[in-house]
Each structure stands twice: as structure tokens, then as C-alpha cells.
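Two complexes come next, and they have one chain in common, subunit A, joined by subunit B in the first and subunit C in the second.
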Partner chain A sequence: MEMNPARRTVLRGAGSLGALSALVLAGVLKPTAVYAADWNKAAFEAKDTPAALKGLGAGSPADSKDLVLKVPDIAENGAVVPVDVVSNIPNTTSIAILVDKNPTALTCLYAFTNGALPEVSARIKMGQTSLVRAVAKAGDKYFVAQKECKVTVGGCGG
Partner chain B sequence: MADPMKIRASMKGDAAEVRILMSHAMETGQRKDAAGNTVPAHFIQTITIDVGGKRVVDGQIGTAVARNPVFGFKIKGAKAGDKVVVNWVDNKGDKRTDEATVA
Partner chain C sequence: MSSMNRREFLQILAAASAAGFALDSRLAWAGGKGDAFYDLPRFGNVHLMHFTDCHAQLLPLYFREPSVNLGIGGAAGRAPHLVGEHLLKAFGIKPGGIEAHAFTYLNFEKAAKTYGKVGGFAHLATLVKRLRAGRPNALLLDGGDTWQGSATALWSKGQDMVDACKLLGVDMMSAHWEFTLGDKRVLEIVEKDLKGRTEFLAQNVKTADFGDKVFEPYAMREMNGVKVAVVGQAFPYTPIANPRWMIPEWTFGIQDDNMQKTVDEARAKGAQVVVLLSHNGMDVDLKMASRVTGIDAILGGHTHDGVPRPVVVSNARGKTLVTNAGSNGKFLGVLDFDVKGGRISDFRYKLLPIFSGLLPADAEMNALIDKVRAPHKAKLEEKLAVSEGLLYRRGNFNGSWDQLILDAIMEVQGADIGFSPGFRWGTTILPGQAITFEHLMDQTAISYPQATLTEMKGEQIKTILEDVGDNLFNPDPYYQQGGDMVRVGGLEYTCDPNEKIGKRIQDMRLGGKPLDADKTYKVAGWAPVAEGARGEPVWDVVARYLRDKKTIAPRKLNQPKLVAMKGNAGIG
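Take a look at the complex of A and B:
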């Protein structure tokens, strides 16, 4: 069988990539733009949904049918609950996922730029049966969609 | 240093689908160990995704994201061969950057 030259190239490529990562790890090369927005402590440490919404600056968002929230009706394991959010609201720039009855309501907040579609899939923890809410920001307005998810075994421990 | 992320990026129609599996304990700070001591909170706080050199997703997450977080995104305008760079930082300052290429 003939040697496959492409295979060589792939191997060489992998080698140099490894070396590059090593440099990054050693702090020699700074990866471009690794800086993220500051963590919104007020919103993430808020104990309930209204306080978390206030922390986000969302106030009381309007219900929207164009915001699609998918969560299972029943979650067997509260430690891993799959959630999908798709916003069909024009100019959506960010999406947050909240769980009303968790010790801290806000689970995650994503901002989208440069062609990222306003949708996200995530796996969250739920302490008990609760409403799950998706909050989308479009322009300077906020919209919400909600659905109850029944939890059989809590996922917050303790 | 935490374990590497697994990043999958592939074109689906005119958008790149990016799926990321991060390896992280995501301790809530509410769980107690066998001895009854509270396990201190240890969780990822910020996530960024760059595709083709442009910031596409800027994320903040809290303690209620499941252990070993999985996130999926779709990036319109990306093309095969674009470099995907994902970065996270946790509440203890631990961080991790991994790369993949859109297939």
C-alpha cells in the first residue's frame, strides 16, 4: 500500500498545534481576546427571580410567543436538565435562563454578536420542581417565556 | 489546570454549530461532603467564544449550570476552516482556553 502524504501533513500539523498550545499554557503567547465581560454578581447571587431580573436590568419582561423555551415536562435527575432556548424576536442580543425555585435563580446569561444566532442549549441544575424562564433582550426591551419542569430528584445537593 | 474542553464545530446549512463540553466540578457551595462540611463553591463564571477571530458569544454562568457543562450555539456567517477559540474562567481564577476548527 502506498504511503498517504496527507497523513504526514496531518501529523505534522497536530505536532505544531501541540507546541503552540504549550506556549499558550506557558503564558508566552497570549491568546487573542480572552477577556470576558465582568460577572454580574448582583444578578447571579440574587435569591429569587424578581431580584435576578432587577440585577440584569430586565425589570418585568413581557411575555413573547417568539421566544421558544424547551425543557422536559419531567426531569428524572435535577442535576442535569437539558434546556434549549431559541429567540425569533428580531435583534435579540442576549438570552438568560432562570429557575424560580433554585437557591439562586439565574443560571446563565449569553450575549450574541458577529453572526451568533440568538439560541443556546445548556444543561442546568434544578433543586426542585419549578418554573423555568428564558429572558431575551432585544433592543432595550426584555421578553420572557416560561414553562414548568417537574423534578423527581433535586440537583442542588445538601 | 483543568482538563481540556471538547469542542465540536461543524457547518449545518449556513451556520456553524458549535458544541462545547467543559470539564468542571461546578460546585454550588451548598453541597455537604460525607463529614457534613460544606463543599466550597467552585464554578465557571465567564465563557467566551471567538470564531474566525471575532467574538461571537460572551457568556456568564452561575452555580446552577450542571457539572461538566455542555453548551450549544449556532454562528451564522462562519465557514469551514474558521478557528473556534473557547475560553472560560472560574471563581477561583482557574482558566482554560481550547481551540477547534469548523468542519
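Take a look at the complex of A and C:
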């Protein structure tokens, strides 16, 4: 059993909120910088994926193998579905995660400046089985990777 | 029926032979050399013995293989979706003999009386010892679903099985139902009982917060001069198919990428043979073998498929053997590799059925089993009723045991409709046999046994049936969960397995009338996965029903009408 006890104890002691505040205080995350990236109302309030893509200015993004999306085949818990996105596309400046069947499709939008590595790990909420998409912006072009994630009733197995 | 001794067994065989039964001459049964069945000459220098999904069955039992195990899409007409004569034909097994009985449901009642009970840890122990004597340094691997499935396993929180497996000499294991004992209990066993004796392996179990490993992903052993790595894969959908609240801090999943990394790491550290001890289920294993490279063999379980020979799967860098070793302690798989100059040159595989009448009970194991049962003997042996018909569970849609449970929970709770989970474990009872409390526990012994009565709208009922149907019939194995369809009492329906979710379940009728999407129905069920569910344990509900009825007439199975499944090799 190796569970990195130190890391876990630190975070538990601080409480996750506390730990995040610490990061903010240390200047790792700047709230102003986060919000400064313009709240894209049109994209975030769009009811479906085409409208959200339009709001992002992404139109019809091209499929890319250099955009790696990791989503479970079946969600263990629809309330917190782990999604990882890594963009190997040069000059990636933003990554968005969309869930087609959610009431509002766009779940999050990350901006990368000053050569920050375009890697994100998020927990998203899903009400039902849906296609999950990652959309990356590089230069003035948009790229997409997608995968279905099943949300089931559960039970009755094996 | 008590387990007969070898002499009685051979006398019956001789009588059967005289009566013109077709016996398997290759195995020289009729010649009185029953033991020859188990004389498996040593081959090569790497030896792996594998059992899986024994579901805590310490005693010999009857187990009927399924007559319905449909393959959909690419899985149609291929192992493991072959039943009855289709299976015999595909594997070249002679009809009517002991092997045909071991691998199929054909002529089950008669053959079960002829060949007797199967499995039993004392008999398995004898076979393991015998094979070990001829195969130095052989490893014994347990695919999991070992600490659950019987009354004594439930009451001892898995301890009886842990002790039996230690005595048997299990070297490595993976898991699924073990997790329904809860995370703390699993860790307690791993840290206290298994430490230094049995490796508990699971590359796909991580902490939900940081993704740290919880168990060792693989273990290495040097065997007769060859470095062998065994990787473990726990059932990927444990937190979905079983209560997530029992293991709240762990996350599972299939995790091909991490599997590839693990295999590559083992190879980099010098492994000349890499084997995956898997609880994926055979369809998932077949897909994984085509995607992950560097695995020589997958010793699989979960789907309870007794597959006589490995399926050879090609991938980008080579070939992988995929096996599945049945359930309920009925089989022991033996895989031998011949490794020359660091490379596998050839292999042999045999899935040996354990016929209790042919393998004397190991005295030490017998003593342990007696000790485990002694405090509960009277309760276990209580005769609840006599069954006039055959009671079995396996099959995609229903089994007579499940029908009996449905009939009981519906009648006792006054429900319109009954749901019983599509579990694949559970022993078989022959016509005329008494149903003991222990037999009932063989079907129901789980750590979330509440019987429930829920009001559901017709629409909700359809959603559940569609959801479970997709777990079984989604053409992509990575979306399957490896159980059977939820058993349904009262409600008649049509199923088109080739359809997509939302369209498979059709023409639902209750008492001849179409189910109303907006109407509320009373639905009896058991095994709720949600935390805090209340209800009497289902075994108490069913026991009351059985004691009351005394005699159980053969069940009338409620099964869906199937669309477009004619000619499927998964129907007997």
C-alpha cells in the first residue's frame, strides 16, 4: 500500500477548499486572471452543442488525434465523471469540455497563456448517457475529440 | 444426495455403459480408470493453475450450464456465446459423455445423476496437490468472486474462504464480489491474512481523489529459470454493478492505457511470460487482447463461461490466449508454457472439470470445511421444501431458481411485478431434492440483501429494462457489465437484442394488457445498490414462502419473446 500519506494528510487537514485558497494566496491561481478570460455567456448558456460551439466561435471543429480525451466508458457516478484532456497540438490556447445531453452543453473552458501546458483534469456532472467532447483552440483553428460515456441505473451485475 | 465414493461411481458407470450410454472412450472412463482423466502429463517449464468465480462453494454441488447465452454483433456464433450442441461441435466434444455433461446443459438431470456432483474445495485440493507434484513451482491463481456466495462466507465476512484458500495454497488473486465486504474488510484481509502468502493484484483500482494505486498491479516470480509476471485486473464496473458506497474512495474502470504501461514495465523488468489474471468477463478480455500488446495469456472469469480451449487473439505485436474457467468450483484450468531462449515456443491448456466422485477428498481441507460449518450446521441443513422440478439460475433471461424467488417475493409482498438481479452464481437442485436453507443462501448470500417493494411508473420500468439490456447486449464489450438480464416476474415483454438502447424492450404487458407509461405499479425486488435501503433479508422472505408451500412444483419461466435470434448459437 502506497497512498502518498503526506499529500493526503496535508489536503485532508486543510480541507480541499482551504488547500485551494492556499494555492490562490501563493499566487498559483489568480482569481482575476481566471475571470479576466471573459465570461462567454452565449457559449455557457447555450442549450445544445452546435449553439455552444457557435458561441465559442468554433463552428465545426476538425477531428484531431493529437487531442487526447479520457472519459470512462461507463461512469461510476454521474455526479462526478472524471475527464482528462491533453492537447499535443502546437500553440493550444484553450480547451473546452462539452456534454451533448446536458441541459447546457458547455461544462468548462480553460485558457492557457504564456506557454502553459494544455492539460486539464476535471470532474463533470452528467445526467444521462452522452457524447463527451473536448474542443481545443490552436491559432485560429479548432479541433475536437469525442467519446461516449454511459450513465447507467446500476445494480444487477455479475 | 451424499457424495458417492469412487467405487460406487465406477459401478454406476459400468452399469451405464452396459445400458448403452455413450461414454467417452478417450478418457477411458468405462475401463475403470477414472483417475486417468486427471493424469495430465507435464509440458514445458511454466505452469499455471487457475480457478475463478467459485462463489464460496466449499462443498460439492450440481451446476447446470446455460441454455441461453446470446452473442450479439461480432460475438455471435463464437465462444463464449455457444451453448449445448453448438459448443460440443465447436470444440469437438463427443455428445453424451462426461465432458459434454461438464460443459453443457444437455440431458442435465440424467447426466447429473450419472456423473454426480462437481467441485468442492476438498476435491479441488486433491487435484491441486496432484498437479503440483508433477509441475514443480506451479502457481495457483484465483480470479476472484471467492469470498462471497455462501451462508458461511457471508456470516464469517469471507474468513472461511480466506482460510480455505490459504490452505489450498493460492499464490495470487484478483477480485470483484470481495469488494462487497467493504473497503475496510478487504484491506484487513489483504494486510493481515494474505500478507506474505497471497498477492492481491488489481492494476485498475485507484484512489478516487489522486489516482494512487491501492493494490499491487502485478507480481513477478521466477519459475524453473523463467521470469513470469502476473498482472491483476479487478472487475472494472464494481462500483456500478454493486454498491459504490461500500468502496467510496476507490475508482475502477477498464484502463487499457494503464494495463499497457503495466505490461511494458513487467517486460522491461525481465518478464519472459506475462499473464493477466482477469475479472473483466470474456467479451471484455477478447477486446482487450486485441488492443493491449505483450500479454501471452488472459486467464479470465466473471462471465462464468466454461470454455474448453483458449481463443487466440491477434494484436499489433503478437498473439494472446484468452480463456475463461467457469464458476462454482466446477473447473480448474491448467496452462503450461514451454519457454526456450527467453521465448514461448508452445503451450498446452486444459480446463479440467472437478468431478467430486473421481477425486478423493483431501483430509485436511475436509477438516477445515467441517470446522467452518459446525457452528451453523442445524441452520444450514434445515429442509425448507422439496422441489419437484430442476432449479437452476444461469441463462440470459431467467432460470427456474430466479422464477421461484420472483414468485416468492411477489406473493409475500403483494406486488404486480418482480425484479431479481441477473447474477450468474448459484447452485442447481435436482428434481426431488430438498431445498435447504443453505441452498437458498447459495442464491442470495450478499451483503445488501434487502427485499424491497417500490412504486414505479411504467416508464421507469421500461428504463430499467432497457438499461440492464444494454449492459448485456451492447455490441461493444467495453459497455457490458457481464451479468445476465434482470429476471422479471409478472410482466411479459419482447426483446430485440440487436436494437439500440431504448428500442430493445417492446410490447410490455401485464395480465395481457399493455403496460401504461404513466401508471404506477408495485414492484418487488432485492439487492438494492443505494445506501440506506431498508427491508427484510430476501432469504427470510423466500424461506417463509418455501416453508409455507412445503412442495415446490416445477416453475413456469417468464421469458421474453425474442426477435431475430433464430439460429443464434447461444440458444440451445
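Just so it is clear, the second predicted complex is superposed on the first by the 116 of 158 C-alpha atoms of A that agree within 3 Å, B and C clash if a C-alpha of one lies under 4 Å from a C-alpha of the other, contacts with A are read in each partner's own complex, and residues count from 1 in each chain.
As a convention for this text, a residue touches a chain if its C-beta (ideal position, glycine included) is under 8 Å from a C-beta of that chain, and two chains touch if they have at least 3 such contacts.
Predicted, not measured: the structure shown is a model, and the values here were computed from it.
Asker: Would you sort A:88 into first (subunit B), second (subunit C), both or neither based on which partner it touches?
Answerer: A:88: touches no partner chain.
Asker: Which holds for A:116: it touches subunit B only (first), subunit C only (second), both, or neither?
Answerer: In the superposed model, A:116 contacts subunit B only, not subunit C.
Asker: What is the contact status of A:76 with respect to subunit B (first) and subunit C (second): first, second, both, or neither?
Answerer: Touch status of A:76: second partner only.
Asker: Identify the partner contact of A:107: answer first if only subunit B is touched, second if only subunit C is, both if each is, neither if none is.
Answerer: It touches subunit B, and subunit C stays clear.
Asker: Enumerate the residues of subunit A that count as touching subunit B in its complex and touching subunit C in the other.
Answerer: Subunit A residues touching both partners: 155-158.
Asker: Sort out for me which residues of subunit B touch subunit A in the complex.
Answerer: 1, 15, 26, 28, 30-32, 39, 45-51, 53-67, 69-78, 85, 87, 89, 95, 97, 99
Asker: Residues of subunit A touching subunit C in their complex?
Answerer: Listed in rising order, the residues of subunit A that touch subunit C are 1-4, 7-8, 11, 70, 72-77, 82, 129, 150, 152-158.
Asker: Across the complex, what residues on subunit A touch subunit B?
Answerer: 17, 21, 24-25, 31-40, 44, 79-81, 99, 102-104, 106-117, 119-126, 155-158
Asker: Hey, which residues of subunit C end up touching subunit A in the complex?
Answerer: That would be residues 145, 176-177, 187, 191, 207, 209-210, 212-215, 235, 237, 239-242, 244, 251-254, 257, 302, 421-424, 463-464, 467-468, 470-471, 478-479, 481-483, 486, 501, 527-529 of subunit C.
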